[in-house]
Amino acid sequence: MNFASDNSAGVAPQILQSIAAASAGAAAAYGADDWSQRASQRLGEIFDTDIASYLVATGTAANALALSALARPWEAIFCHEESHVHDDECGAPEFFAGGAKLVGMAGYAGKITPDALKETLSRFPRGLVKSSQPAALTLSQVTEAGTVYGLDEIRALAAIAHGAGLSVHMDGARFANALVTLGCTPAEMTWKVGIDALSFGATKNGALACEAVIFFDKRKAEAFPYLRKRGGHTLSKGRLLGAQMTAYLQEGLWLDLAARANAAARRLFDGLVAAAGVRVAWPCQANEVFLITASERLKRWRAAGAVLHDWPTRAIAPEAAPQVDETLFRLVTSFETTDAEIDALLALARADR
Amino acid sequence: MNFASDNSAGVAPQILQSIAAASAGAAAAYGADDWSQRASQRLGEIFDTDIASYLVATGTAANALALSALARPWEAIFCHEESHVHDDECGAPEFFAGGAKLVGMAGYAGKITPDALKETLSRFPRGLVKSSQPAALTLSQVTEAGTVYGLDEIRALAAIAHGAGLSVHMDGARFANALVTLGCTPAEMTWKVGIDALSFGATKNGALACEAVIFFDKRKAEAFPYLRKRGGHTLSKGRLLGAQMTAYLQEGLWLDLAARANAAARRLFDGLVAAAGVRVAWPCQANEVFLITASERLKRWRAAGAVLHDWPTRAIAPEAAPQVDETLFRLVTSFETTDAEIDALLALARADR
Amino acid sequence: MNFASDNSAGVAPQILQSIAAASAGAAAAYGADDWSQRASQRLGEIFDTDIASYLVATGTAANALALSALARPWEAIFCHEESHVHDDECGAPEFFAGGAKLVGMAGYAGKITPDALKETLSRFPRGLVKSSQPAALTLSQVTEAGTVYGLDEIRALAAIAHGAGLSVHMDGARFANALVTLGCTPAEMTWKVGIDALSFGATKNGALACEAVIFFDKRKAEAFPYLRKRGGHTLSKGRLLGAQMTAYLQEGLWLDLAARANAAARRLFDGLVAAAGVRVAWPCQANEVFLITASERLKRWRAAGAVLHDWPTRAIAPEAAPQVDETLFRLVTSFETTDAEIDALLALARADR
Amino acid sequence: MNFASDNSAGVAPQILQSIAAASAGAAAAYGADDWSQRASQRLGEIFDTDIASYLVATGTAANALALSALARPWEAIFCHEESHVHDDECGAPEFFAGGAKLVGMAGYAGKITPDALKETLSRFPRGLVKSSQPAALTLSQVTEAGTVYGLDEIRALAAIAHGAGLSVHMDGARFANALVTLGCTPAEMTWKVGIDALSFGATKNGALACEAVIFFDKRKAEAFPYLRKRGGHTLSKGRLLGAQMTAYLQEGLWLDLAARANAAARRLFDGLVAAAGVRVAWPCQANEVFLITASERLKRWRAAGAVLHDWPTRAIAPEAAPQVDETLFRLVTSFETTDAEIDALLALARADR
């Protein structure tokens, strides 16, 4: 019953085999190898447009490097106040972007609203020298609350951002999970609705350590090779990344893995909500489940072997907030989550009231 | 006949198997997994002292992060003028150390001399506010010229550095190759001669993407977990690194791999020097061969399939420098280098005059 | 009727004379001159303790340098969300502190409350690697809303901060104005209630370009001379700063100037509030006046020659917020503000309804 | 007999009067005042072209800010190895340019030679990702050895730099002294020979704290207002800078002051060289004198009241280097240097053998 994180999950066998296949013999260093080239080409096909793409080993690197290509040191990056870039990367975006300012916005269920974005931008007038200049908006898709922006929501935010001269970045650490939920194409969820740059995650969805930074506006990628190298993120045996991404994208593996994780989350969510004494924190829209229950009960589940995290409650509607003796908790599923694990937790929940 | 770099070589089977073994099922994220813990413990045993160690995926990250733990933004880091940190990392050390100054020193065969170090330090008086304050010395072992510092040489440099209040870092991207050459223990080549922090490389010696940053003075490691995270170098599935390092250190694999690479370099060196028209640039002391021959001849070798790099000549004695029609070139061997490859190049050299 | 800012005011004659007196003939460079030494000594006397003090030419430099001495690049600095350091310095604190994160907190009338501070700190657990580590709290005295923290308020916030291992900085750009209001000693408003470092402003209060950074905990000042130099803030003819500060502190000039400015603000405030159709935004506690009136009316005042700024309303109580046709505006007085200017605006306000 | 530095000299009366005239009454803040506008216009006239100019209070700020506008964090700035930006600013250029690398080049008498520049640039190939990318060349005019580049020398270096895609910056801390020596126009010494950006110093030549950063290529100035603000270098009472620069440029004051300083240096140089036992280190071409004499003798001069600095000898021709018992020393003159001071030192030198 390990629902701690999709970071704790293992590696899909196809991806492991690809690493093995790529591991013997000489190959060009620093990403000039065939595997990396193939991954790059495949990403272009999948996104159905001309892109610049770069592989890195961590999501923090993908986000921080992407943002550093979009914002200069005296500029501002706008994000949800509980987003991963703002709260969970120990200041990596600020570091890579040379001290640029991250500006967090509140918003229900991890989502930035058009109103919040407009109001916030109004406090950063372009050309006002004392004010960090607005440079980029970053959205998380899936959000930190496990919710998924609809295409119209992304389009509306991107339009406001572009109208104010900002670039738009998507933190797609769980990109595949969101895509499966929306049932649209990668192009539709990105450049067709105004995304300029994307952190395209694979690690949480069955890879070992592999993310792509993708620029739909290639001019913004001009400095990226230097940024990546200077950040120590250009692997000398770049085939490690190329092999993972190639397998990940082959024959829809990435979508299969995400669909499996999403389905597991759905079963967990439905089953737990059906159990007495559990309330919904946010709707289940991808591979994460956010619920509220009695704190004492959670203690018992943990004692019985359930691994899960307490979660902050800032993005919740006030009327739905946990009471004093309640806790908001998160469960994350992955392609490896088994029915047995889910059933075990559901049984626990049903038995415990 | 690929002698371009040990970065182009593949992965030792034992290391690949270890990755595979670690890849299935749940494991704690961010380096709290068993593999990483075991690697850390094993490193402590091998260095025979109490250390703080951290795994990362690239040598640039290892060096830049280590130096950022030793030098503050207004301080200076002293290195050989042709060292990897100075010339080949696109400014990564300056980036991670917040704008600290790298001060390069000239020196024959890639080595810093005590006199050069003393003279250079005299230009950075402690307490002189206009002067970047001296903070760290970094040595490459193996050097950029393929040579190996003797233990007395390291001890002498470290003593000067410590006397001036500096920390001493070793860039051990080819640590195992140097160790095999010296035939000493890891402790003897590091903390026993004054090294405070070490980039312990595995990638060039049969791993896929794995280096350790090791602090012998653990107080200097206090901020390292934050530095690594903020640099995007804390892998979520940290087992990738732990599995590699564990296998690398098991039953002396790392030393076997290095011994193989060194022996291959020795055969190449001896064979080529015996051929007419080839001169020694620097002695062969590890797994790299630096020679000088007619530029025309190199062209023919390349046409025949030899892959090798031209090399800069700053660290050569003036009287030995290449003539106008000559080129200094580098050959690098790895654990994968075959006798057949070596024989092919030697045959080429003997046939071509 | 120029109430735009105390930055627009001129220079007190005594300070100008001091600059003139210091300007002829040779003097030691870089702050080693007699004037700077005297200023430093005088600051120590006024704060009645052993301090380390450094003069700089701007308030932004004072704040950003002070904070960079208290927080490391991967750490977090806590401030009011509308504070000058957060909103009006184009990211200077982030720049000087190497990308440290500024964390803004909401709070009525520009003040941080103990509850807000505790709640915010709870989201930055010490030792949690993914989280920017808490390093410093910075308070503005006078606040951005023209209010003044009472000694007990400062003491309470500093106690929470110290309890969590943070240093406490005070942005005292209008230090003298607050001191005159509280009628306490400089020591009582700073180190006796827990302030570790202070930006001690003189520019807004009659100097030309002079601020002091003062460390009550001298160990935190260790790197300051290098930080200041590297920031380009060590004046070669440091006597410019020393001469201003010496005159500023002589025979209570600084307190006289502030008392004059505060009295002018009080007259403005009382007179305007007495006029029909003007509401109080925040109480007048120093040399700033924040009021709300009909937007049309402000337009007419401006047409008649009044110079004043519209002001953001985030720190206002919701029930007191401006209506759609109203504007919150700020008036700032200085030692130069004349009764005639005040009377002219009051006449305007009385005549206009 | 204070020949320590032109930083130790006082302020020209006309400049002090201008500060006084600007000091009373209200004026627009942050450089929008009339004095600053006038200074800006006057600079344009003097340089006889359309420029963007910005005033700051220190030479370090001028240099570091200018370079940060020309080089991005992963790029390299080329300079003489003993230049002020490299050796005497505690890493300010690295700080402001976000960790960009300063690359020093050796060169006789403080001058960079075309050959050294070409050779150095050849080691920083454009597009080679591992290499800091070449961005800017910075020349000191007057150099650190007191020498002055001829127009042809500047033109030749700028042509090489531009050919390699670099911008060219001039550190003109002693711009007026060089200009007087060359007897050319400001335009001829700058943009007409390829200078793109200039630190135009006034402080060392009779101002109190005033330098201008001038961009001849105005597109490179786009971000400067933000860079300056973020660096804490935008004075709130900007009139302090505007008033100094206006007076400095009025009726040729700046050239008169420099001519006086240069003439004083010439008298000192000629007189000392005529004395027995004094050798020339570098020719006297502006307001600095570099000579070599017996160390014992210097001790006696100092005992008799002469204030002067020992100086490093790296930029000297080997055959001219000081012997073991000799010292290279520097004397600096200013507009305030009196004939009496000069005569006193000359008398000392003549009497002492």
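When the chains are written out, they are named A, B, C and D in that same order, and each has its own residue count from 1.
Criterion: contacts are C-beta pairs under 8 Å (C-beta built on N, C-alpha and C of every residue); 3 or more make two chains touch, one makes a residue touch a chain.
Given the structure is predicted, the values throughout are model-derived calculations rather than measurements.
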| item | value |
| --- | --- |
| Set of chains whose contacts include both chain B and chain A | C, D |
| Per Cα centroids, the chain farthest from chain C | B |
| Between B-C and A-C, the pair with more C-beta contacts | A-C |
| Chain C and chain D: spacing of chain centres that average the CA atoms, whole Å | 35 |
| Distance between chain centroids, defined by C-alpha means - chain B, chain C (Å) | 51 |
| Distance between the centres, which are taken as Cα means, of chain C and chain A, whole angstrom | 41 |
| Residue numbers of chain C (touch at least two other chains) | 30, 73-74, 89-91, 95, 98-99, 129-130, 226, 229-230, 234 |
| Parts of chain D lying in touch with chain C, wherever the complex brings them together | 2, 4-5, 7-11, 16, 19-20, 23-30, 56-62, 64-65, 89-92, 95-96, 203-204, 208-209, 226, 229-237, 240, 336 |
| Contact footprint of chain C on chain A as seen in their complex | 73-76, 87-91, 94-95, 97-102, 123, 129-132, 312 |
| For the chain B and chain C complex, residues of the former touching the latter | 30, 72-74, 98-99, 129-130, 133, 223, 225-227, 229-230, 234 |
